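In structure tokens below, several structures.
The following pair of complexes shares a single chain, chain A, combined with chain B in the former and chain C in the latter.
Right, the complex of A and B next:
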């Protein structure tokens, strides 16, 4: 996209986006400050040290106003189109971020972030904190845009929806969590949840229908604007012998494509996606917790909340973001500011469990059926060869559910009964198999637990 | 009463009528009169219904028709007219709620509850009485009756015409009675013939579609020049675009061999690229990697690349046959058909 243009031309191009972008942020913060001030919601955070004998109260209105002014200044510098003047992340920072990121850091980091957000949710949902984080996210985006490699990835018409998705998801997660935290607090005091207070009904016609009509028109207008502003990225004619590098699925399937790196096609392409759909359909029948009907809550539905957030945010969204923005040629991992070099060498040698078991631990070669032996003998040899993996996988799916029923899920088992519990436990185990397989790949370079390529059976 | 679940019109009617039967059981002497009532004429029914509706004041207000009918009968004078079956309009009117249906705002709800507390049962009864007055249906005018008769006659006629038309098609009957019948028959005949023709054409076109006039694959056997053209350690990629193969001169189990590798990733079928600098095949889809000899070593690929049959043709050229593949994991790479010793 930016091929064949000089750095100066590139900066001019970016400045045409960054100027309005920062101005928009300034406007948003200014409006927020005005709104807080006009509605009398200004709060004093702290008092500044005495300046000329006066202690100035730093209120939220003042803070957002200052931020708006800062963004106006940034807009001015960014619009210059001059590489020296445009605000950007220091080269050393970008290099450090590139060096430190990888599939392991990325996945472990997002998991840790989710845990942090969950544990300290009552802090993070405070409007001031959430607003600061949102501003910080936008600021990071703006500062990173001047990096050519970053721009190349983020501004690609294919990837723009993913960037929007990150911000939208952050907003909606905040909205739901904010209400849930508020409700939990209210219920602790014995008050009804917020949603129960506002039980005034509105008419479908005209209230709801009008809102829907306006939304419809606004959405169509937005789509038209989008289609004009970012033309659909057309590529060269398809050829069965030439695969684009990198070759990416539609963005909503990039989580699946990332799964395919760790699993056999039939597993990651068929079994696990089907189980995702079946599992989602099974939720109403597995759920015995009647709380949380019609209002947001976390405390009353801790297990459901955590499982869903892990499955959705971690196993689906972050994998989409990883696949879209951070996977480059040859499906190698590239840092956000790293150049997509098609010849980047990454040591990825992977070994099957059977190789580990027979060659490394027992110090002998894999059992191989003698040439010309019968079908049964061949299959028998394969089963012996893959015995460790088969035992492990069967143990995982057969031994773990009863063990969990006796220990951590004791109460669940009592409430759900045998069949419902087993369905839930197996769905959970299948969901957990993805992160487990990822960790095994990273830590042990393990390719497959059971590897029977002769019959397309790999797990 | 109001919290009774919503009933369909049919339900309400059935309930009202069965409720009547229930009331009858409570007051057995009226069985005979009820039987008489069912047999009574239309006009008699209407007047009776009006009376019943007016009497069912106490309970009809909130919509429980059966109860309304029952109590109305139980409390009011036990006359023959009361037990006569009522017409639909009055039953429905009794069933309707006195309150406006649909969502209620806070203010409305407050005022309503206050109203209920204030006025109590008497005002409700009054409301019910107002509601239940239904104007009698006027008698059906003569021209309507005539028009209806005509319409029904006409439809019968038309159907007959269709039947006759079919009969005529089989050559059984002669011409239709009127010009309308003839027109219809011709029209139908043209229509069905046209439909049949279109369907036949469509079917033929579909059959033709199944055999497109293209040669989808290059010939499965082709020659790639003399064996000397492939130096040791070289991966010849120039046949990939046309034939989907790499011709590789490499060592396998200590033997120098010339082999034809199929350029399809064994993971999910993408086309890998040969990276000369790293001396490996690398798949762009999920990062599977293969050594020069086709053995998988990185990424998710579960098995090595496949080989095609290769041999020296009569004219001394290397000939590759894509109709046969050889898989390493099946122990087929020992087959002399899949390599040329160099």
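Right, the complex of A and C next:
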């Protein structure tokens, strides 16, 4: 996208985006400060040390105002279009981030982050904290845009929606958690949830139809703005001989494509997607908890909340972000500021469980059926060869559900009955199979638990 | 001016179209909801909490509106697009280069991406408020089908520009069907389906072939995806949406604490 233009031209191009971008941020912070001040929500965070005998109260209004001024300055420098003046992340930082990231760090990092956000949610939902984080996210985006490799990926027209998705999800997750924390607190005190307070009836005309009208106008304005600012992509005419590298599915399927690293297509492309759809449809029939219907809460439905968030935020969204922004040629991992070099080699030395079992542990070669032997004998030999994996997989799917019913899910089993419980247990086990395979790959370089390429059956 | 407005509103034509007086007082605000076709989707009155943006995020409504935008811009695009290998790409090129056609294609494409995002956010909100719990279980199921169709709409539309981006994205996506257990040419168990020693599942009869109407993404695929994209899937979405909205009403309106 930025091929064939010089660095100087590149900076001029980014500056036309960054100037208005920082100005918008300045404006929102300014409006926030004004709003807090006008509505009397100004709060003193701390007092500065005495300056000329005066101790100045640092309030939230003052802080957001200062931030707005900072963003105005950044807007000014960014608009210069001069690489020396434009604020950017230091080269060393970007290098360090590139060096330290990889699929393992990315997955472990996002997991740790989500766990932290969950555990300390009552801290993170405080408006001042959330607002600071949002500002920080935008600032990081702005500072990163001056990096050509970063820009190349993020500003690709079809990737822009993902950047929006990240920010929208951050915002709405905050909103929902904020209300849930508040509701949980209220209900602990024996008060009804916030939603109960708005129980009175209002007329749909005018109250609702006007909201809808305003939403529609705002949406149309936004779409027109987006459509003018960002032309739709059109690449070269289709050619069946020139395969692009990387070849990617549309962005909303890239989580599935990312699973291809760990599973064969029949699992990643068929079985797991079907189970995602089936599992989603099954949710209302599996979740027997009556509480938490019609209001935001976490404490009253912790289990279903955590399972859903694991599936949605952790498995679906973060894998899409990984697949779209961080996977380059040959589906290799690239840091956010790393050049997509098609010649980057990554040593792939993944080993099947049967190889481990027969060669490393028993010190023998894999059993092979004698040449010219019959069908049954061939299949028999394959089954013997893959026995360790077959036992493990069958054990996982057959032994674990009853074991869990007797231990961790004892109460669930009694409430749900046999069939519902088995459906839930199997769905959970399938969902857990992805992280389990990821970890086995990272720790043991394990390729397949069961490898029967003869019948396209690798697991 | 006031006189003119009065005259129009008093005319036989106006009164025949809008069967209610202006909704300026309580009685007529109720009447308008009951006698107007478009408004009768809504109830007459609603709990305040059901229209609170902080509760519903308005995401279902936004998704529906984006679907309408897609329908209108999609019909306009169909005037300028021929789904053949010969013309598809040049027609899209023309949409870009002929200035009077403006941002039609952009709006259609970006609203499609936005619709995928908003439908996820809508599902997210419905889950987080526990709104799938009784009596709304079935409407959640209808919703999941809508989610699936939304993704398929977007996926089938992705092919139509017939450029490198389109063809290879669909190739990568549809390659999965080749690995369908039993029904895919390279799926586990396909060898079992033989008839008198002849393979039934080949690359000219498997699930991928059914999707693409050919062994590889080609002319037949373009035609098939075009019809799916412009006719079959939108009709399915429209039907499911009707059920979805009907059920929102029948299940007692937007969810709320008991």
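In this section, the second predicted complex is superposed on the first by the 437 of 459 C-alpha atoms of A that agree within 3 Å, B and C clash if a C-alpha of one lies under 4 Å from a C-alpha of the other, contacts with A are read in each partner's own complex, and residues count from 1 in each chain.
The working rule: contacts are C-beta pairs under 8 Å (C-beta built on N, C-alpha and C of every residue); 3 or more make two chains touch, one makes a residue touch a chain.
Quantities reported herein were computed from a predicted structural model and do not represent experimental measurements.
In the overlay built on the shared chain, the residue A:330 is in contact with chain B alone; chain C does not reach it. Look at A:266: by the touch rule set out above, it reaches chain C but stays clear of chain B. When the two complexes are superposed, the chain touching more residues of chain A, out of chain B and chain C, is C. In the overlay built on the shared chain, the residue A:257 is in contact with chain B and with chain C.
In the superposed pair of complexes, A:383 makes contact with neither chain B nor chain C. In the superposition on chain A, contact of A:243 is made with both chain B and chain C. Legend: residue contacts after superposition of the two complexes on their common chain; A:203 is shown touching both chain B and chain C. Contacts of A:56 after superposition on the shared chain: neither chain B nor chain C is touched. When both complexes are overlaid on chain A, the residue A:350 reaches chain B alone and has no touch with chain C.
Once the two complexes are laid over each other on the shared chain, residue contacts for A:176 go to chain C alone; chain B is not touched.
Put simply, chain A uses residues 200-203, 239-240, 242-244, 247, 257, 264-265, 269, 456 to touch chain B in one complex and chain C in the other. If you check the complex, the residues on chain A that touch chain C are 158, 161, 164-165, 168-169, 172, 175-176, 179-180, 192-193, 195-209, 211-212, 215-216, 219-220, 223-224, 226-228, 230-240, 242-244, 247-250, 252-253, 256-257, 264-266, 268-271, 277, 280-281, 283-285, 287, 289-297, 301, 305, 308, 312, 452, 455-457.
Contact residues of chain B toward chain A in the complex are 102-106, 240-242, 244, 263, 266-268, 270-273, 275, 277-278, 282-287, 289, 297-300, 302-303, 329-331.
Residues of chain C touching chain A in their complex: 23, 26, 29-30, 32-33, 39, 42-49, 51-55, 57-58, 61-62, 65-66, 69, 89, 92-93, 96, 103, 105-107, 109-111, 113-114, 116-117, 120-121, 124-125, 127-134, 136-138, 140-141, 144, 147-148, 151, 154-155, 158, 161-169, 171-173, 175-181, 184, 186-191, 216-217, 255-258.
Residues of chain A touching chain B in their complex: 200-203, 239-247, 257, 260-265, 269, 329-332, 343, 345, 347-350, 371, 447-448, 451, 453-454, 456, 458.
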